[in-house]
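First comes the structure, then the notes that go with it.
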Amino acid sequence: MSTDVHRLAAQIASGSTVAVPVDYAGVAMAMTRALIEIGTSELTLICVPTGGMQADMLIGAGQVRAVETSAVSLGEAGGAPRFNAAVREGSIALRDATCPAIHAGLMAAQKGVPFMPMRGLIGSDLLRNRPDWTVIDNPTSETPDPIVLIPAIHPDTAIFHAPMADREGNVWIGRRRELASMAYAARQTLVTVERIVDKRLLDDETLAAGTLPGLYVTDIAIAEKGAWPYGLWGEYPTDQEEIARYAKAARSDDGFADYIGANKAEVMA
Amino acid sequence: MSHDMSPATPREILICTVAGLLDGCRCVAVGAASPVPAAGAMLARALRDTAGEPPLRISVLGSEAHNFFTNGSAELFDAAGQGRIDAFFLGGGQIDRHGNINLVGVGDYPRSAPRWPGSFGSGYLYYVVPRVILYREEHSPRVFVEKVDFISTPGTSEPDVYRPGGPYALLTGKALFDFDKDKRGFRLASLHPDHTLEEVTAATGFAFDHDPDPATTPGPDAATLHLLRTRVMDELSETYPAFAAELRARIQTTDRKATA
Amino acid sequence: MSTDVHRLAAQIASGSTVAVPVDYAGVAMAMTRALIEIGTSELTLICVPTGGMQADMLIGAGQVRAVETSAVSLGEAGGAPRFNAAVREGSIALRDATCPAIHAGLMAAQKGVPFMPMRGLIGSDLLRNRPDWTVIDNPTSETPDPIVLIPAIHPDTAIFHAPMADREGNVWIGRRRELASMAYAARQTLVTVERIVDKRLLDDETLAAGTLPGLYVTDIAIAEKGAWPYGLWGEYPTDQEEIARYAKAARSDDGFADYIGANKAEVMA
Amino acid sequence: MSHDMSPATPREILICTVAGLLDGCRCVAVGAASPVPAAGAMLARALRDTAGEPPLRISVLGSEAHNFFTNGSAELFDAAGQGRIDAFFLGGGQIDRHGNINLVGVGDYPRSAPRWPGSFGSGYLYYVVPRVILYREEHSPRVFVEKVDFISTPGTSEPDVYRPGGPYALLTGKALFDFDKDKRGFRLASLHPDHTLEEVTAATGFAFDHDPDPATTPGPDAATLHLLRTRVMDELSETYPAFAAELRARIQTTDRKATA
């Protein structure tokens, strides 16, 4: 692992809020391993809109205080064992959401407004357990019309992995626009990429269409196969065997510790 | 049924039932890791194409080949809010008599045990998609309960709540149910072949309406089964290779049994 | 002009609301000329977020009942003469806005919510003249915090011009994402393009990033140089001389009639 | 001033003044058809680069080469709402003593005559961008009025209104003003060379604070002027060819006068 990735990870403060993307959108797994090595603690994770092995590993490593998410799962490999254990033990604070509520909170931050209205939710136990979500009577309706307001989500940091960046700090995210939402909403955005290209991404209208401007990008490091064992669109597929191996190991505290330890040992070697 | 084809397997009947439930839809979205709903949607699309009818758009979340969205993972929810998604599928760790769904876990929240992944988009899509098809193959009293432990999303809403969507059908490994919004409950539509009313009643933790002598879920005609085993199987293999392989193996087993 | 463009224009009903994009984002000028020939009347224009020669021509032709816009101007060629005359005469209903309010209204429609909150506006005469905009006290704030709610804008039709579409009806819009916003919000979207390509735009992740899916596109027609005299990114520049020629002609009723007439004659020839 | 350069033209002094007003900014947006502000921002960026200081990001709306936004025309407003845009420029058909701006027209709304294009983004950006620089070259009583006919956007707001932004300076062809939020009014900062307090007072339709003997707006040093006439002129030529050509012609005229 490049020391550059550690330089990035070191910019995430203990106690801060970190937004991470869904499995298929470019998960910063190399950075996750760096965060575990550094031991950044008391993180609040915002899963956009769901979490996987990244969240599970950070939770297993005891570095997570709270999770806002619509789900945490290892996909085909089953439930997220460390997340599930932490829920059982009550060792993390849960902010259960539904996908569009997380998008709505980020959108409010993107738009610079304190809240976004959202349909749905009324009558659910999700709403009942979220004192930060407010139900109002739609002021633009002449008939009674209850509607939920989702407050803006302002992550301290957004982290993700993408195929490429240019030397100005523009990052190509393709059609994974949740990555842009995260960056718009976050105070800082740290990105690992497969490669840095010499060509300015904004100079080509075709590439520009899928480019997150450097305005939103705080720092970048190269991490080859940085999403592994997750896949990266157009680059490499998900390593399902490795995720299954993790799923099995992480069923027990010892198995998880071994998995993490082996990982660390590999890094140190 | 044509001479050279083995009869439809139970899974194939489920897939064909899903396709039938999508009749008249223009656009269907399927969540990640939902192979039977995805196969049903692909079959409905193939049938539509074969009949020269208007195309059915399908978006399978997480798939690159069968996902036409380009605005990130928020776009499905936006499109649903715009009324462009006619049908969606939801599962449930627990589903209760009023169509309430629990995707969070068993026991007292927040310390659920077991804890399931979470509510995903259900807390929104169940309200706005007109035809939400509940799909859960395991038909047992631990799934179909009188009252869910946690309402990820409710089956019905008060009259003043904006709710163009809701439950349209419940499909299990044993039976197909309709949902009656006014009565806030399920009604048995048909039993799958080789399943009985007594068995389904015992496997369901809540009461439901039914005819004294319920219909049997129809199997596919030969043309439909052929389409499923050719074009749809090819499409499935791309997105759900393991599931397609298993489906193929079952067909061969049935085949061997039939010819034995 | 292709009869296909007329086929498209004929799908816009008199009395309906039509969203049109800003000068540089792909203005459907060929369709504008078709609308003038057809004589579609009593239109309400939603300029996203400002209008130019397209709006001015439709207003001059007497086909516009109301305009919601943040501005109407011919850019370097000066003010919009027919718009300005119509305002003076009181012959069109005005809904003066500010750019992000129009974006907010479209976003509300995109999200399927009745309104979007927006900062700014308080104390302006824009707000004073928009009874459809509501000021509430932010329900998520503990201290008094007035904020404006912009109701959803649901155009009947969105029209624009883009470089290309594929045979499935997917349209490449590049980074002109206001075009996607318009299409998401509108009941139908009619698009003219320079060309139809055989390659499926969604099959290539680079092109997919700038593609509006066919789900949102009702109908497409080829109109070569369909934005002229406006330019089209990556295709051709704005014909400033022609816009200046229009600006001069449209200063008077007769000049405008001549300009439109010459245009029609050219089309008929 | 270096021996081989003609003195700064009035326009060049304006451009250099704009560059000075952007001191400390990280990101500046410039509206379409604003060549002097754009030139000032480009000069500030060039000066920053020359000094090896952190770069200044510039977005010139409507430009392809100098616009880094990729999320449509809403992105500027989003970025401003996020606090990422430090400075923006607004003009005004009328600007009044309290910094209220009218971009809509003269007379009773809605039947304004003349009608101007409209408020553009002013009804939002003036509230949220910390350093809004009012730029209007024409300095006359018809522009600078006691009270605008239509408030496209107000200069100040009540204390409970969310307003991190507002007027920072007013730059005209004759003078530079600061804005005092507490006093809700302008204060003369400097007179451009060859303009007098009497002239400015007569040309301004409202009262403003000033020193008895106001300072003169400083011209650029030789290095700055050189940068403006080389790199910045090249950049300008790309986006505003007509303006750049005119600027070049003026420099030559001054040059001929100076050598005459």
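A few notes on this one:
Should a chain be cited, it is by its letter among A, B, C and D, assigned in written order, with residues numbered from 1 in that chain.
In the analysis below, contacts are C-beta pairs under 8 Å (C-beta built on N, C-alpha and C of every residue); 3 or more make two chains touch, one makes a residue touch a chain.
Computed from a predicted model, the values in this text were never measured in an experiment.
Ranking all chains by how far their C-alpha centres lie from the centre of subunit D, first place goes to B.
Subunit A and subunit B have CA centres that are 29 Å apart. Centroid to centroid, with C-alpha atoms defining each point, subunit B and subunit C lie 41 Å apart.
Centre-to-centre spacing of subunit A and subunit C amounts to 36 Å, using the average Cα coordinate of each chain. Under the contact definition stated at the top, the residues of subunit B that touch 2 or more other chains are 69-71, 81, 128.
Residue positions of subunit C with contacts to 2 or more other chains are 107, 111-113, 118-119, 145, 147, 175, 180, 208-211, 233. The complete set of chain-chain contacts reads A-B, A-C, A-D, B-C, C-D. Those residues of subunit A that touch subunit D in the shared complex are 109-113, 170, 180, 184-185, 202, 208-216.
The part of subunit C that touches subunit A in the complex is made up of residues 104, 107, 111-119, 134, 136, 138-141, 145, 147, 149, 151, 173-175, 205-211, 233-234.
The touching residues of subunit D, when paired with subunit C in their complex, are 32-33, 62, 64, 69-75, 77, 81, 103-105, 109-128, 150-154, 157-158, 160-162, 242.
Taken in their complex, subunit B has these residues touching subunit C: 27, 57, 68-71, 78-84, 128. Interface of subunit C with subunit D (complex): residues 22-25, 48-50, 69-73, 75-76, 79-80, 83-84, 87-90, 94, 96-101, 103, 107, 118-127, 129, 143-147, 175-181, 233.
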